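Shared between the two complexes below is subunit A, which pairs with subunit B and subunit C, respectively.
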Partner chain A sequence: MDEWVVHQRIKIPFMYTAGRALTRFLEGLARGEIWATRCASCGRVYLPPLNFCGRCWRGIDRWCQLPPLGELISYTIIQRPLPEHPDRSPLILGLIRLDGADTNLVHLIGDVDPSEVERVTRVRAVWRDERPASILAISHFAPLT
Partner chain B sequence: MTKKDDETQRVQYLLDIEYHYAAGELATRFFTELKEAGRIMGMRCSGCHRVYLPPRPVCGICYKELKDWVPLSDEGIIVGCTVVHLPFIDPMTGEQRPVPYGFAIIRLDGASTSIYHFVDETDEKKLRVGQRVKAVFREPRTGSLHHDIKYFRLVGK
Partner chain C sequence: MPRRVAIISTGQTKHRAKRRDVNVRELITEAVTRALEEADIRMKDIDAVVIGNMEPFEGFLFPELWAVEGWGGYLKPSVKFNTGGTVGTTTAIAAYYYVASGIYDVVLAIGFEKQSEGHTQTAITTVGDPIWERAIMAGAVGNFAVMASTYIHDSGVTEEQAAKVAVKARRNACNNEYAHLQMPDITVEDVLKSRMLAYPVKLLDMCPQSDGACAVVFAEESRAKQLAPRPAWIKAVATAHEQQYMGDSPKRLAAMRSQVAASRRAYAYAGITNPRKELDVAEIYEVASFAELAMYENLGFCERGEGGKLIDAGVTEMTGELPVNPSGGVLSTNPIGATALIRVAEAALQVMGKAGKRQIDGVRTALATGYGGNAWTDVMILSRDL
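Here is the complex of A and B:
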């Protein structure tokens, strides 16, 4: 008897409220701007922005705009995209530290062959023409040449 | 992404997970019998004579390895039931079923354990523990307990 394979599927629709800081971040992205928060106590710059500094245990209400430029800290090459990923492979997901930020952002790395990505150090955001209030207002990050 | 009347963004998302798993030796036989013969098979323990549905490799009471297959009836009794108004996700389709629908834990005649299934009845007064039910099959069969049996219907008192 051939081995039986069971095919199943689960779909989970959900919604979350982005909160004050993330709302401002998302609305900034729709305008082509990247906004971070800076803790008044330790000076750490959070991107994506947080309303609260977990180290200093205090609220954050200072905002600063960051340039769409940064450093590629790490990356992974995805051979089998998940449903929420763009439907092509391989994909490169990068860990990006924008200039001035103390935390990292995950985004797609594009305009580079996966075999070449190891050499990439500096990246820039490539904006979509139609920008939603979403991290996908940035299409991907491309090597800065 | 939508924005309500307050100042906060609401982010909508859909997690859509399709998955496959290898059923293993016993479930392969179970699903094959169901598909090809429309037969529901259990496994009997040679020690305590319990009949397991779905089949399993070892008796949970005697720790004996199970080897004997037995055909079970397509009729049985309700041992637990509800009418669902807030549906869970049906793993056959990934979707929620239209509500309301009857849902029951059913012990088939000859089995010592129970399965869950849908029941073609949404009147709480008619769904009772001990009520007899009979499987209604769907053609063509695919070898899925929750596809090949559409639901169970109540049978006469």
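Here is the complex of A and C:
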């Protein structure tokens, strides 16, 4: 007996509201600025920013600008990027703790050969010339030399 | 023996077609903050959280993780439910089970949906059997219209009678500050003349798509008495599901077996023999005007085939013997993952005497229902009496 399968493709468009805190964050990125928020209760600095600290269960209204500099906490090298990845191969995904932040950002690490990335400790944001209101306003993070 | 459980507070967002001012996380916080303030408790007083959403509609997996800072789930015992239109009642019933079991004393139930961010009708297409049905069927309206058409044939209800339900809902919604569609001047003629979607369902016969969230706090007996002046005690919960082939749908509106089974089970638990007399108000999950008429019959508010006469007689109006959906119902507000929890919250508000301009005088016993997929039913009965 033949084994039958039914092929289907369903297209669903999505659209996501940035919300109050991330709107301000995205507008900052378009200007080449990185804005975080700081919980007045626990002192935690959120990047990307939250306007509500779920741990303290209170609103956050303190904003602080962070420098485009930080520490490369960890990384991996994606040997076979998926269609959803930016089209660079191999691709270095880094976990970056910006100076002053208490949370980590995931972003691309560039301007370094994958075989050399193990030595990288400090990184800086490399801004695009044309900055969208998106995390992609930062092209990638590069080793700070 | 389950412990006694009550609802002690509720919170809702302003429900709208598009809440562009907030993201999902901020939307949830709006409802949760109101529920906690209403009970005058803090997040640390919540022992566990149950949260409900239909993630295919917004297209992100694990929204409860992404949004955790906004709903108090951080390191708390919690679980998510995803059961279609019944999400909200499933979540409420789960919160009831958690507290009734003795494992947790105070449990927060949350439902949310931001329908404006995805494409619900397309996502609903995946409800159909992938091999057999999806080649033919899509979305919710067409499937529903087949059921409504059969219901008209079997029961003799008219499009005018269904339109009266649509009018009642949108007018009642004017008394509800959270409701999405408030139409004080809507008439039966407006409904009948609105755009035909699929016979017999016209645009104004159908529920809207909304962005919104709802939160409800459940507590065991001693905490409930301590925290609420007049808690809404849960007298019964029941759920019933049945097979999902759409081809078996036509009779389901007029004789929805799951709704008949679940409601009769709940009435038996609660000692209710004549629901029309013994219930003071009902908040039911009426996806469309025709559904409400059929549900009158399924829920035993009237005999088979009498649903249309019930609306004609005004029995279910605000001033009637058994008001149905003083909130404006699903026909006025439909953030799917929250919709059934809103039914529970609104029933609780009526019992607690906190329903504001939509309050029915002297409510002691209230019914809330959820309707999911094609034939899932959840029922909860609330009472002022312990």
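Please note the rule applied: the second predicted complex is superposed on the first by the 133 of 145 C-alpha atoms of A that agree within 3 Å, B and C clash if a C-alpha of one lies under 4 Å from a C-alpha of the other, contacts with A are read in each partner's own complex, and residues count from 1 in each chain.
Basically, a residue touches a chain if its C-beta (ideal position, glycine included) is under 8 Å from a C-beta of that chain, and two chains touch if they have at least 3 such contacts.
Everything numeric in this text was worked out from a predicted model, so none of it was measured.
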First (subunit B), second (subunit C), both or neither touched by A:51: second
First (subunit B), second (subunit C), both or neither touched by A:3: first
Most subunit A residues touched (candidates subunit B, subunit C): B
First (subunit B), second (subunit C), both or neither touched by A:22: both
First, second, both or neither for A:83, with subunit B first and subunit C second: first
Which of subunit B and subunit C A:14 touches, first, second, both or neither: both
Contact residues common to both interfaces of subunit A (with subunit B and with subunit C): 6, 8, 10-20, 22
Contact set on subunit A toward subunit B in their complex: 1-20, 22-23, 26-27, 83-84, 132-134
Residues of subunit C touching subunit A in the complex: 19-26, 29, 42-44, 58-59, 68-74, 114, 116-119, 122-123, 125-126, 130-131, 134-135
Complex contacts: residues of subunit B adjacent to subunit A: 1, 3, 7-24, 27-29, 31-32, 89, 91-95, 143-144
List of subunit A residues in touch with subunit C within their complex: 6, 8, 10-22, 50-55, 57
